[in-house]
Amino acid sequence: MLYREAGQFKASYQEDAQIFPIRQDRIGFFALMAVVFLVVPFAASEYWLQAILIPVLIFSLAALGLNILTGYAGQLSLGSAAFMAVGAFATYNFMLRIDGIPFLVAMLLGGLCAAGVGILFGLPSLRIKGFYLAVATLAAQFFIVWALVKFPWFSNYSSSGVISAQTVNIFGYAFVTPQAKYLLTLAIVTVLALAAKNMVRSTTGRKWMAVRDMDVAAEVIGIRLMRTKLQAFAVSSFYCGVAGALYAYTYLGTVEPEGFNLDLSFKILFMIIIGGVGSILGSFLGSAFIVLLPIFLNVVLHSAVGAALPAGFGSSLELMIFGALIIFFLIVEPHGMARLWQIGKEKLRLWPFPH
Amino acid sequence: QEQFIGLPSYRVGPYAAGGSGIYGGWIDYMQLINQRDGGINGVKLTWEECETEYNNARGVECYERLKTKGAAGNAMFQPLSTGITYSVLEKVAQDRIPMVTIGYGRTDAADGRVFPWVFPMITTYWSQASAIVNYIGSKEGGTDKLKGKKIGLLYHDSAYGKESHAIMDKLAAKHGFSVEKIAVAHPGNEQQSQWLQIRQMRPDYVVLWGWGVMNPTALRTAARTGFPREKIVGVWWAGAEEDTVPAGDAAKGYTAAVFNVAGANYPVVKEIQQHVYAKNLGNMEDKSRVGSVYYNRGVVHGIIAVEAIRIAQDKFGKGKPLSGEQVRWGFENLKIDTKRLAALGAEGFMPELNVTCSDHEGAGVVKFQQWDGAKWNVVSDWIAGDRELVRGMIEESAAAYAKEKGITPRDCSKEG
Amino acid sequence: MNTANTTAAASAAPYLSINNIEVIYDHVILVLKGVSFEVPQGGIVALLGANGAGKSTTLKSISNLLRAERGDVTKGSIEFKGARVDQMTPNELVKRGVIQVMEGRHCFGHLTIEENLLTGAYTRSISRAELKDSLEKVYHYFPRLKTRRSSQAGYTSGGEQQMCAIGRALMAKPEMILLDEPSMGLAPQIVEEIFEIVKDLNSKERVSFLLAEQNTMVALRYADFGYILENGRVVMEGAAQDLANNEDVKEFYLGLSGEGRKSFREIKHYRRRKRWLS
Amino acid sequence: MMMNEVAQTESAAAGGRRIGDVILDLQNISLSFGGVKALTNISFNVREHEIRAIIGPNGAGKSSMLNVINGVYHPQEGRIVFHGEERKEMEPYMAASQNIARTFQNIALFKGMSVLDNIMTGRHMKMNCGLLSHVLYWGKAQREEIEHRKKVEEVIDFLEIQSIRKTPVGRLPYGLQKRVELARALAAEPSLLLLDEPMAGMNVEEKQDMCRFILDVNDQFGTTIVLIEHDMGVVMDISDRVVVLDYGKKIGDGTPDEVKSNPEVIAAYLGTAH
Amino acid sequence: MTFFFEVLIGGLLSGVLYALVALGFVLIYKASGVFNFAQGAMVFFAALTFVGFTEVLPRWFGLESGSSVVFWLAFVLALASMIVLGIATEKIVLRPLVNQPAITLFMATIGLTFFVEGLAQGFWGATVRGLDLGIGDEPIMWILDDFNMIISKFDITAAGIALVLFVVLALMFQYTRVGRALRAVADDHQAALSVGIPLKHIWAIVWGVAGFVALVAGLIWGARSGVQFALTFTALKALPVLILGGFTSVPGAILGGLIIGASEKLAEVYIGPFVGGGIESWFPYILAMLFLLVRPEGLFGEKHIDRV
């Protein structure tokens, strides 16, 4: 009975509405924060920071965005990568065209641009539902990428369509080392994750969920469907947009419109499904899983047993195992890793007794 | 004593056909060096593949993972993907690892003064476009005959396809022909409307700036709408067996630019058969692809890598593994003349190369091959583009980049 | 009213028997904690109990629909006609004659009422004429369905859907029907009719019934035997008649106190909640 | 809201309630779906503070009537006058702003949310912090949240569902879900409450509780209630007036006793058994 | 004007081929409510398996390569592989996921996509192959002579095959006991189980049929542009067709295909030049989306029922 909450009483509603009502969780959370902010930057190698931790954080943010839309507001979208692209290219253009604009401001504006585009492509959701909507969001995916390629102004007339991000400068400090980039990303992601948590535990989030669970009933109790759905589209796209900006500025450094393709959208969708639909924690778990799994498989199949396999077979096998593992995870727990975590905690609460 | 080379390969997905051929040829060549010569001056080559699926993010991960492997770190990085090239462009300079992009990547990186760590060798897209125009000119009886002609540019609607626009416009202005640009949306497995448009426009030639399934589809649809295949000239990503075989008879007569030719009769390929495949060490599963365009392109990659290391060893000490920085010097001083090519068994297989501090392209020429329904036949000698025009554009673009990034170009007259 | 029936049924060999089953949802939520009972052939057994006692869960574990809700029978066994059925698919069970009418209707919304009924006969390979006969029989029981036969079930009223769900099960010509709250949402005379149908099928075609029902009054009137479930355990059992006369049952489930039925307006206190278990 | 003071006000229950004027008047309502006539020319009214029952056989059009009242369905013909104002086309969300709340025949709770969140959602009309203050969850937004949580807890106490506060509603048994749905409606402090078969699937004891809740709401807050129910015992005991529908037509209207003795109603609905 | 009709007819013929891929989606959606994203991968897998067999059969059994024996043997073997794949999918993927939310099943099919793509390439290699069905891809002469329009023989034949397939399937699924059961399953898995519909058989049948459709689509598309990974992208062409026609309707798939095919070609020719071309990537999607604003369930799709 390691994980017991007996003896922890809530004396006020404020206490009861905390993000982590259980003490063990709170302690765990702060310990984790201390580690990721204070220990990791110094302990982790450049490879880990640059090739794993930063992308995991950025994808978590994108997954968080999609989770707000799909997990909380129930609107299935396959266009998240396109909104990331909007964020990345908008931020780039703000940095480029407004002299001396601080990076954070440009990033926020980039996010807002993505939010605007999100609202535009969210409009059909008022009439279209489910998979019909999902396919309709593909329109956003293809149209936005097409537009970014087609109008060279967006990429500042670069012949290859690739933009290369300016150096991030905040209060005169240039974020160039992997450590600095990691900390910057981590800080932004943490703030936005907290904001997301706050949204979903207040009326805003409850309205989203109400629309998701039963829109007729939601409307009858006075929720404006249009406003709520569009709000979800806006917030979600904002998150994706910021993730896109970070993708360009703290991760890859250079991006091209085609990098934000349908595959990336699917990847983000995977993250929330594997991680847990409608769960903040799930966005992080899913992102870590989807980023790490292929790398892990790659290392195992190419470095460890690679020599024994015919050329090319390793890569195919990697793909097969990846697909199979996703199916396996869905079967084991259709509600994602966040639910597994929760069940684990419930079991711990009872442990060592079975019930 | 081992020299490590990291290979960010891709063998699944839409790009797999090219990837498996090129990496196969490349690995086989390195295997040949190990088997036949016992390495470069006794230094064996080792390599590790890292699957990128042609995806930028995974390419970056591979880059980071591979860069510290081996005794002296990764000797060079050859991403075989323009996207990944851009993503690691700044990192290679920081990590001091040369990046080699043969026939793709960032065109203006040919200006070695601004991009000391990047080597877009043999030829760039712009040189190629210019060479294609020269080739068409030669078929018409001289570039002056191009005046008033109409060239259709059927391009893959992506950044890659659009690289052709600026240079073609410049060439059109210079030679007095007109360009009709027609976009094909990715993936391009349906081109009915594009070819009907072409039929309406009646261009004299069509330049096929395609990729993947777009190429055979273009040839088939051209056949269907009655456009002569002899009048279609493809780029080197549209000039492999993979692009013509699926089109069947429709591909007969189609010509494409290449910087390496197809064929298994070159001594270097024969030696691979003899030293590698005979010992069952070959990388290609489908052995019939040995000698194909992509395979041979891989062999070219191998030759260039090995020659650079050899030259660098001459300077930094034979018989020991080199760091990336040392290998970079090798690339910058890479000279492969006809004599050397003959010694390598690759005469006519690839062009001569002469890389310098300021010119990282080194050749800028292509050959043209025509498909006869069963195989590619070389139909031209090495044809150069308009070097002056191209170089001008490269320098202009590189200077803009240098300005944006605050880079002071090197003064090449002072380099050793 | 049907004591004769009761004795006859009680003496029959066990037909459906549930032995000490335990059910867990989602790997952690323990819902049934050792439930055992029997349904004799040709009997009508009522399963009573408050909300959440586990009635529906019990029925679903018999018909094997639990797995679709991520529930699992972790202990005990279920036998039908002497054979273990706990590992069978619902399809096999229906073929053996056990069918469940699920709580909350579950009609196929996009199919018409008639198509809904026809799917009920899926497991029977019968001629068109026989199918038509069965259909007519259901329409005879529920004339309302006939008038709505070509509407999509999703648009029909709650009661119509309930009739549709019951009718659909009848189409399978089962030997044993698990009825989950058949009276819910039905107008009073239809409730009576449904129980008359139950009685009719039971006496004419020897169909056995296991009813989970909140309308205790009616259920005990028609059933032979009853079990009272509370918190996942059987807390009381007996012949329907005896249960109906039990003082506690009277008070808790029939709303009858010493001085007879009390007006709903008169009940002042919310809670007594005397329970067998606590 | 003084729900926890029920005990003291018990004596006031009978007399505290005064049936007032007509607040909702439905005139000649007709509604059809394609060929199906759900309602034909129906008129009736609802007075302030009263408990108005709608009964009738299955498919008579009862639920459709509620849907007409709160704007889910738009009748093809007829007038609806609410608080003296006529309205024609109304969207469902507007009903909420006019203080009309309801429960549904097929439970329409928000399945993925906890009981508490469901009920809190019911109060959203009374909350006015915006997105940005929610993002911060500090100061006003937090105060508002807590203040409303208090009100919601009163409803929870009133309906005695304290123990399931944090349970996801999807896991609750049917009867409790019905109760939570009532709680969600009550949280909006409605002046007109529409209940669609609130007691379906309950045993007698639970029905007694539910009746008590309904009567108390009606007594304490003067909430006007329109109720659909098939249990005649309940209807006859607690309603003030009853409308009877049959095949979309009105066949009776009056006090329970009047309705009970109406031969047409007996034939169509009650049957001889009752 | 001739040009207009040429574009229009070409578009309609392409549309039929889009519809052919969409048909695979429709079958599975109708039968299980699963939006099977793996359909594109199945097309690829089917075509590759067929070509693979035409290559190895002559080697294994000394048959004459290119003969009709090889063709039909390869066809049968490829079909058998598709059926095995369908049955395996039912057993391993779908059965454990009965009654799960649609999005979970959708994700599972994306997982399946990866698996099938890996399997196909791992087994047969990543080489691009040609495929010759022996139907000439050349203009029909008399049309060219009389109307100066280019209509390909191949396209006409392919459209003919596709239409036969459509009619057969539409009849088979519309009026039979199985057809009804399929629609029931799509509505409510659990209720379908409760009335004794054997989900596993039904699903195995449907996936088998979808595999057959994928094979036909794969052969036709493969003959047009080679058997290669890009065949999986045919799915992207099919999606707008699917939503325009309605997820659950076979006739909807054809009509949607015709509309999308024709309008996308006309748009590319007449609107494309003004915005720089290449609009085929998104035009069908935007068109379908605008159409949905008018009819949210597509042309013949089932209405979303939400009554309270």
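Lettered A, B, C, D and E in written order, each chain numbered from 1.
As a convention for this text, a contact is a pair of C-beta atoms (placed from the backbone, for glycine too) under 8 Å apart; a residue touches a chain by one contact, two chains touch by 3 or more.
Nothing here was measured: the structure is a model prediction, and the numbers come from that model.
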Required minimum of steps from chain A to chain B, each step between chains that touch: 1
Chains touching both chain A and chain C: D, E
Centre-most chain [mean C-alpha coordinates]: A
Greatest separation from chain C - chain, by CA centre: B
Far-end chain from chain E, centres as C-alpha averages: D
Between chain C and chain D, centroid-to-centroid distance (C-alpha), Å: 29
Chain D-chain E separation of Cα centroids, rounded to whole Å: 49
Geometric centre distance via CA averages, chain E-chain A, whole Å: 32
Chain C and chain E: spacing of chain centres that average the CA atoms, whole Å: 44
Where chain B touches two or more other chains, by residue: 11-12, 16, 20, 157, 185, 285
Junction residues of chain D - those touching two or more other chains: 63, 72, 104-106, 108
Per-residue multi-chain contacts in chain E, two or more chains: 117-118, 121, 125-126, 276, 278-279, 281, 307-308
Residues of chain B touching chain A in the complex: 9-12, 16, 20, 23-24, 27, 48-51, 53, 55-58, 60-61, 63-65, 68, 82-83, 86-87, 89-91, 106-108, 157-160, 162-163, 166, 185, 283-285, 397, 404-405
In the complex with chain C, residue positions of chain E that touch it: 98-99, 177, 180-181, 183-184, 186-200, 302-303, 305, 307
Chain E contact footprint on chain B (complex, rising order): 11-14, 16-17, 19-20, 157, 181-187, 189-190, 192-194, 196-197, 199-200, 212-213, 216-217, 220, 223-226, 241-243, 245-248, 250, 285-286, 289
Sites on chain A touched by chain C in the complex: 343, 346-347, 350, 355
Interface residues, chain A side, partner chain D - complex: 12-14, 16-17, 195, 198-199, 201-207, 209-210, 212-214, 216-225, 231, 235, 278
